[in-house]
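You will see two complexes here that share subunit A, one where it goes with subunit B and one where it goes with subunit C.
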Partner chain A sequence: MEGLNAQEQRELQSRMEKKQMKEFMTMYSNMVQHCFDDCINDFTSKTLGSREEGCVMRCIDKRMKGSERIGNRFQEQNAAMAQSGALPGR
Partner chain B sequence: QGLPNFRLRLPSRNWMIFLSITGSWTAAVIYDRREKKRIQKKWATVVSHLAEEAVPTSVMPRKLTIFLTAPPADGLMAARDHFHEYVKPILVSASLDWDAIEGRREGDVRAALAERIRQLRKLKGEHSTEPVEEEDADVITYRQRQRSGIREWDGIQGDIIIGRNTWKEYVRGLHEGWLGPLDPPPPPPEADPLPSSTPPESSTPLSSTTIPGSQPSELVPDTPHTTSDDASPTTTPPPESPSETPPAEQEKKPTKRKQPDPFISPSQYSTATLAPTCPPELPPSTTISFPHILGFLNTPTRMYRFLNRRKVADDIGRQTAAAVLASYRPFAESGHGDGAFLGDDATSSGDENQANSQRRWEQQTLLIEEEAEWHKSVRKTKEGDQKKERVWLDEVVLDPRIAGRMRRFEVTPEEEQRADRIRNGEGALGSTDEERDR
Partner chain C sequence: MASLFGRRPQPSSAEKIAAAEAEIDLVSDMFNRLVQSCTKKCIPSDYRESDLNKGESVCLDRCVAKFFEVNVKVSEKMQGQAAAGGAGGGGMFGM
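For the complex of A and B:
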């Protein structure tokens, strides 16, 4: 961020936001796709049954929690990487 | 029509002998393995309900620490295979996380454990001459977790120790970590063979022991190291410890690295101050028997063990399930014991040990039968190392403050009964499945 003047910083900012938005939408649609595929496989009725509803709730819950945990671990690894300048070997 | 006219006859006498021998051997092996699988499945079912529990995202799962050493005169793979075969299935069934401290030479586990405890003490705020090494991956992770608000598991953690030699090192390392100083003791004026003179890290390249002479040892202990007049660290190295002179800095891996000498000797326990950050209860531990015997003439014993692995599996399963289910109790001590010395006989340091030897603690006799099986090379000391402490050979010396804080995992009788019921065919939740409704 240092080498850019104010206008370029704003530009970078807006581009980052657009990217994040896009990423978020991608994640959302991936999640919908996945959970639909896994949970809803009975088309004899057009309403969501209680089983399917419960399944969808749990699917979303698990996905969000899973990605949160992964994000946390990634943050830690990132911090380690940032300090040591390389992937921490094991 | 009908059956042809077979004449039923037995095989010949020689064949009969052959088939009965191989048949009985095979049957014994198959029976033992089948029972072993069932027993392991039983213990795994006892703990499997833990795999279903939900953990909030900001909490790390529970982590057990496994301590492994290569058995005497054998490699680390033997210990690892033992762990994989007997302990790991139960940990996997309970979906428990674990961390391993391994040691190849005598004293590695002690050094690693003591270092870990010292680092824990430093992180909790004790002061020492060497600050916490912020570059270390574990410390970075620790700081990051502090920042993000991620906590470790709330309940008790635990340790699983495999083998008698590891147990001795564990007890020694615990004492060294909690009773010993945070700063490494000064190296002796005798040379250390490395050109890099005493760096202030804890992996000080000591070539001879810094322990003052009153520790139990075979030779007559000489008074502290100031008898030597050489203060320069780059003089010719003494002939001892050719095996510990690699010029390495880190101490995580045991191979080819300097193993730091103990910061405190057993005879100094009673005069040492307990670390202020020491918790009132240390994390509980459990020992896993590691039957290991070498030698051609021991073949009958080994054959017997080969055919009786189910018993080992049962015992180890019980200990591991206790660790997983976190049911623990304090170690027992018998009051005013048999007056036996805790150190070797030749020492004059009986006085300090007298006070400790009044009581016999349970920790001293755990897995003691394994010592008889050790290979004889353990009892030999290398020439140059006569003064060094032999963790595996010396008796277990306990300080009451630490021994009183140690806890031991043990299954409660109720769990034992439940395990028996599972073994006899009922489900893990009893014969009805009403509780499964959530």
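For the complex of A and C:
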């Protein structure tokens, strides 16, 4: 961030930490929502079957890996764009 | 955002923090939407394996690249429109 002094940076930092907590909670509930919707469709039993559980585990793994990969590409694109001087991230 | 259109002289501390925060919000919002769209488009909802396979990985990479390209197109178009027509599309950027 350009042009912020130490105190301003600290203020921004503390706001970012709160935001991160919130983001994490959102990510968590999205994960539950998606994996539940995609894996659990049978309500003849009240516990997860082994297929359902396996699906949920793979769902979490795959989605985590997916967003990690997207994150890497996002950073590369952002860096490239910052160099060429186009929109996001100034 | 202000950096795009030239800045007012000497913004206050609160203003500078708010501007930095808005910029971060913009980028993080964009990232969240990117993850949402590309996951939906590239990762089928039958989770057969826990790793991304080749096709899914390539799809995600291309999806991100295209998302950025669309962003640039939209921003060019809307800036052009804002410059030509004044108020019209310009309001979207909150300027």
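We adopt the following convention: the second predicted complex is superposed on the first by the 79 of 90 C-alpha atoms of A that agree within 3 Å, B and C clash if a C-alpha of one lies under 4 Å from a C-alpha of the other, contacts with A are read in each partner's own complex, and residues count from 1 in each chain.
Going forward, a contact is a pair of C-beta atoms (placed from the backbone, for glycine too) under 8 Å apart; a residue touches a chain by one contact, two chains touch by 3 or more.
Since this is a predicted model, take the numbers as computed values, not measurements.
**Student:** In the overlaid three-chain picture, which partner chain does A:Ile70 touch, first (subunit B) or second (subunit C), both, or neither?
**Tutor:** second
**Student:** I'd like to know which partner A:Glu17 touches here: subunit B for first, subunit C for second, both or neither.
**Tutor:** Neither: A:Glu17 stays clear of subunit B and subunit C.
**Student:** Just to be sure I read the superposition right, which of the two partners does A:Ala79 touch: subunit B = first, subunit C = second, or both, or neither?
**Tutor:** Once the two structures are laid over each other on A, A:Ala79 reaches subunit B alone.
**Student:** Based on the superposed arrangement, let me know which partner A:Glu8 touches: subunit B (first), subunit C (second), both, or neither?
**Tutor:** The second partner, subunit C, only.
**Student:** Tell me which of subunit B and subunit C touches more residues of subunit A.
**Tutor:** Residues of subunit A touched, subunit B against subunit C: more for C.
**Student:** Is A:Glu53 touching anything from subunit B or subunit C once the two structures are fitted on A? First, second, both or neither.
**Tutor:** The answer is neither, since A:Glu53 touches no partner chain.
**Student:** Which parts of subunit A are touched by subunit B and by subunit C alike?
**Tutor:** 65, 69, 88
**Student:** Quick one: which bits of subunit A touch subunit B in the complex? Just the residue numbers, please.
**Tutor:** Within the complex, subunit A touches subunit B at residues 65, 68-69, 72, 75-76, 79-80, 83-84, 88.
**Student:** Which subunit A residues qualify as touching subunit C in the complex?
**Tutor:** 1-5, 7-8, 11-12, 15-16, 19, 23, 38-39, 55, 57-59, 61-63, 65-67, 69-71, 73-74, 77-78, 81, 86-90
**Student:** Where on subunit B does subunit A make contact in their complex?
**Tutor:** The contact residues of subunit B facing subunit A are 57-58, 134-135, 137, 140-141, 143-145, 148, 150.
**Student:** What does subunit C use to touch subunit A in their complex?
**Tutor:** Residue list for subunit C touching subunit A: 3-4, 13, 16-17, 20-21, 23-24, 26-28, 30-31, 34-35, 38-39, 42-43, 45-52, 56-57, 60-61, 63-65, 68, 71-72, 75.
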